[in-house]
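First chain A sits with chain B, and in the next complex the same chain sits with chain C.
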Partner chain A sequence: MRFIFKTHYDQDIDLFPHAGAVFWYSLLAIAAVCAPFFLDPFYLGELSFLFIWSLAGLSLMVLTGYTGLISIGHAAFIGVGAYVHAFLTRNGMPFVPSIICGGIVSALAGIIIAIPAIRMRGLYLAIATLAFSAIAEELFVRWETLTGGSRGVAVPMPVLFGNELDGEVGFYYLCLAVLVICILGVLNLLRSPTGRAWIAIRDSEIAAQSMGVYLAGYKTLAFATSAFLAGVAGGLLAHKVGYLTPDIFTPILSIQLLMLVMVGGLGSIRGAIFGAIFLVLLPTLIAILRDYLPNAIGQQPALEPGIFGLVLVLVVLLEPQGLNGAWMKVKFFFSQFPMYKNATFKRQKTYMRTERLQ
Partner chain B sequence: MNMLQANELSINFGGIKAVDGITFDINKGEIFTIIGPNGAGKTTIFNLISRIYDSSGGNLVFNGVDITRFAPHKIAGLGIARTFQNVELFEHATLLQNLLVAQHAHHTTRMWEEVLFLPRVRESEREIRRNVEEIIDILDLQRYRDSIVHNLPYGVRKNIELARALCSKPKLILLDEPSSGLNVEETEDLSFWIRDIRDDLGVTVIIIEHDLSLVNDVSDRVMAVNYGRLLALGSPEQVQNHPDVIKAYLGG
Partner chain C sequence: MDMFFQLVINGLAVGCIYGLVALGFVLIYKAGEVVNFAQGELMMLGAFVAFTLIVDFNLNYWLGLALAVLAMAAFGWLLDSVVVRRIIGQPQFSTVMLTIGLGVMMRSGVSIVWGPETRSLSTPFDQMVFQVSGVMISPIYLSILITTVVLCAILALFFRFTRIGLAMQAASQNQLAAYCLGIRVKRVLSSVWALSAGVATIAGVLLAPISLIDVNMGAIGLKAFAAAVIGGFGSITGALLGGVLIGLIELFSAVYLPEGFKNVAAYVVLLAVLVVRPQGLFGTVGRKKV
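Entry: the complex of A and B
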């Protein structure tokens, strides 16, 4: 068992709560940096995909997991970031300013959608963002100078500090670096007044307001931050797929993202990563599974979305905290080892319902 | 000295006059109690003061500032904090996070500084934490610091709400039925704390309360309301013996 003695406020402010966490995260960092020396390019490519999904998951986690605002329109933000970044790269802008511009344009789109959307909650907000996503998709088809229309547009290789980055290894490190920077930025926000205001809005708007949180402002900020991160993820995705067509950014992508954060565990950064791992692995697992299933089921074209839906239902029923929740429980079991009680995580029903003025 | 003045304050919901032309003054350093039967408009008065509702008539002046049309999120910055009748905590956050949010109105860091977590942000976080720890100390909440609020018992959650209101460094605190759902012992603690809040922290207190022994115990003045109108205003004994108040409670 580990006992943490707190002797200084900085222990609650620091990113790592104790030396053990520093050790394990360092190990993870070393593994991530060394991966290209051991893995062959195919798996490296899959890892880059994982990082891009994680970043997209992180962006939705800020909005849905921390601010409590649902969005089924995130594909549109990813799309805006991807197209703007591709456009600027084609016109010779280097990677770093170009991807930041993509993020900023996407954040502006986020602000524009936030202005009407923050007046809504729950299902209504979901529908509004879905509508926005449909508009954006149409825009991607029609605005041919920017997007190449439905024929699509090729994305050149990223140019970083004057060098063209081709090959899986360079791109792998690029994705890793962007993801780590974004995670650190979000973690910093979450341990500051802005992040706490978001969490407050998620749990009780009325109380947040009487603590001095400007609801409309912080909700818009959450939309903008989330859209910025989605735009950056879109920029990386543009390089990864190499050729952008509007049918990449359909509502299916948004729903997959929503599933990512649900399965990963709402309200945790780790959940976004776990969710991304799940989402990258699942299609592979399903492909393997197809061979072992009877033909009538195994050859169904709708097998994949069906399993996605089934998983989502099971997660909501059995483990609402998602993979992160499961991880916390396993960790807790080992940290408490001989003293673990079966009832520790028994869910209890709370019948108290607050009167909300919404 | 008058801290809060309400002049002819009223609000209509459709045809219902929930608060109907109430006038009262709150003195600085006073414990002021509002009593009245259910549906009398007590919580509505609180919601008007904390600007959750727009009043349909009259005005409110706090420390010389007219707050009748103030933006609701700016009320906390002026120094008015409140608790809610049905505990409104940030359920999925720890006690510590709940209390840290309460300092929101006083934070000075900008978002870009927070993204980079500059030394200035760290310093301000330490300062916020120090302020919060003072309140944790007063209300004996040390052992719940890292607990998720959702899992804590009701009595503790009530105290956390009080703590959170105090953490916003208020000059005036509005307590909406602080003793509801508390046991006898907890209610006794509460009456000590309410006096401590006034005497040690110098905070003016307005309470909505049904527990008359607590009301008699702590209040300097009591206001009785019914159907949105003022019935009586004065010392606890005066109000309780007022014929209109007895009529409102017992009927007849």
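Entry: the complex of A and C
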């Protein structure tokens, strides 16, 4: 753990905490920009998938990791964004305004959900999102002019500044640019009073309220921001899959997103990326694992969700900070090398905290 | 008019199932503040166990049901004492994720062990049909209604008069006080899980004649969840009434409203209730104290 000697108040809101971070993140940025020159198009496609997942994870991270609200229906927001973007693109709108419109419509949906949430605490909010996603799923099937019903609808190629983007390389850069813009936007929000209010709400609603944080407003804002990002991710996803059907936006997607933020590590943007990497890699790992298992188990299609569930349970039980927490521990181990104490990250025994819904 | 009564009976029966699953939610929530998103999956697992005992092992229907309830109760006990107990005191998000993960695992485990086919379970009262002044009452629906009423009466007596029932009530009101009075709170919590899994099994077996036994049976858990919320999470009567309400609304909207409303009716009602009365129909307003 690096202790930063602060000599100025502005250092509290620096985008990068120290020069080392600037160096490593620039290196990462260069690697990401240069990737198309030495990577196979297949891997580029996988990377753009990774970026879309990261963006979706980022949207849920804002809501769950930073504001402490649970959404069990995030797939619906992604779906709204995807369908609106696909509809506008088909009617000839260029990429940038169209994806922003998709995000805004999705954000409006988020606000509509959050309005009842003004009066709700904790879990009821999660339930409202669940109800919303069930309703949205039905809507995707029934509203045929917009969504093409259960037959689905084809999504044209993105048109950027008059040029049609086809091929993996163009789309890779598009996803990368959108992801970087969104991450920077979220980082900026987080170091502003808004972000601090969100974090305060996450840590203790009552304490935040007594410090003068307007709970309903900030919760609604968190929902809107999160839904906007989810809508943007949905727009990119629409291009990536090329053909939208309602069965993409099922509760399974919502659960995968929850798993992404949980496994990645709640309350860190890095966590969203780690979680996305994990989610993209896991099916491949399972495919390798299948060969080593006896046929009776190895060839079952249900093995994959089972392993997803198992990973989720193990993460909750053993490493609640997720991959980001594990990464921090490894870093701490090496920076403190001979002096590392096991007890540093020992979980404190806690007693039951009541959040009873009465 | 006949159709109306038919719908009322069927809606009540389906609602009772929702109510029973919701009851399991509420029991577990009241006892340990764990929201068990795997309740629907417990029901599914219970139905599969009962199916195996009754059809594959050729046991008597009632004996098979009793054994299945016992087996699932043991499973519920283990689930609490081995897994869920470890996260007490963690933020609520962890419990939600843990139970979602457990539910996914159960579903995939059932799919691996039993295979993805659907099964039907025949009951001893399949062949009878009652007719009351022109209204056909299928014995399946009647059996659901009767079983629910009997089960609720037993549960009410259990909570009122048995030592363990009283201990459960005490632990759910105040764990520390209960502990000081010599109640073994951990053991009580595990037995609540066992009870809840047993009730879920009965619900699963009751549901089996209506909607076949398959891996996706657990989806009912979400509607039952809506029922528990409508009734005000934390009230057992509320959960049952919420379930009945949702069952009735669902069947009536299937007949009288445009196509597609059946699937979302429960959720629309849920959102409406949350907007108008966030604490649920039977809940009381509580302020969290610091």
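Going forward, the second predicted complex is superposed on the first by the 341 of 358 C-alpha atoms of A that agree within 3 Å, B and C clash if a C-alpha of one lies under 4 Å from a C-alpha of the other, contacts with A are read in each partner's own complex, and residues count from 1 in each chain.
The rule is simple: a contact is a pair of C-beta atoms (placed from the backbone, for glycine too) under 8 Å apart; a residue touches a chain by one contact, two chains touch by 3 or more.
Keep in mind that what you see is a predicted model, and the values were worked out from it rather than measured.
J.: Which of the two, chain B or chain C, is in touch with more residues of chain A?
T.: Result: the larger residue contact count on chain A belongs to C.
J.: Which holds for A:I255: it touches chain B only (first), chain C only (second), both, or neither?
T.: It touches chain C, and chain B stays clear.
J.: Just chain B (first), just chain C (second), both, or neither: which does A:V316 touch?
T.: second
J.: Answer with first, second, both or neither: which of chain B and chain C does A:F132 touch in the superposed model?
T.: Only chain C; A:F132 stays clear of chain B.
J.: Should A:D12 be classified as contacting the first partner (chain B), the second (chain C), both, or neither?
T.: So A:D12 only meets chain B here.
J.: Let me test your reading of the model: by the given contact rule, A:I206 touches which partner, first (chain B), second (chain C), both or neither?
T.: Both chain B and chain C are touched by A:I206.
J.: Would you please give the residues of chain A that touch chain B in one complex and also touch chain C in the other complex?
T.: Correct list for chain A: 206-207, 350, 352-355, 357.
J.: Give the list of chain C residues in touch with chain A in this complex.
T.: 29, 32-33, 35, 83, 86-94, 96-98, 100-105, 107-109, 111-112, 116, 175, 215, 222, 225-226, 229, 233-234, 260, 263-264, 267-268, 270-271, 274-275, 278-279, 283-286, 288, 290
J.: For chain B, which residues are in contact with chain A within the complex?
T.: 47, 50, 52, 71-77, 81-82, 84-93, 96-97, 100-107, 109, 111, 114-117, 121-122, 125-126, 128-130, 133, 150, 154, 164, 168
J.: Can you check the complex and tell me which residues of chain A touch chain B?
T.: Chain A reaches chain B through residues 9-10, 12-13, 185, 188-189, 191-197, 199-200, 202-204, 206-215, 221, 267, 350, 352-355, 357.
J.: In their shared complex, at which residues does chain A touch chain C?
T.: On the chain A side, the touching residues are 64, 68, 70, 72, 115-116, 119-124, 126-128, 130-132, 134-135, 138, 141-142, 206-207, 255, 258-259, 262, 266, 297, 300-306, 308-313, 316-317, 320, 349-358.
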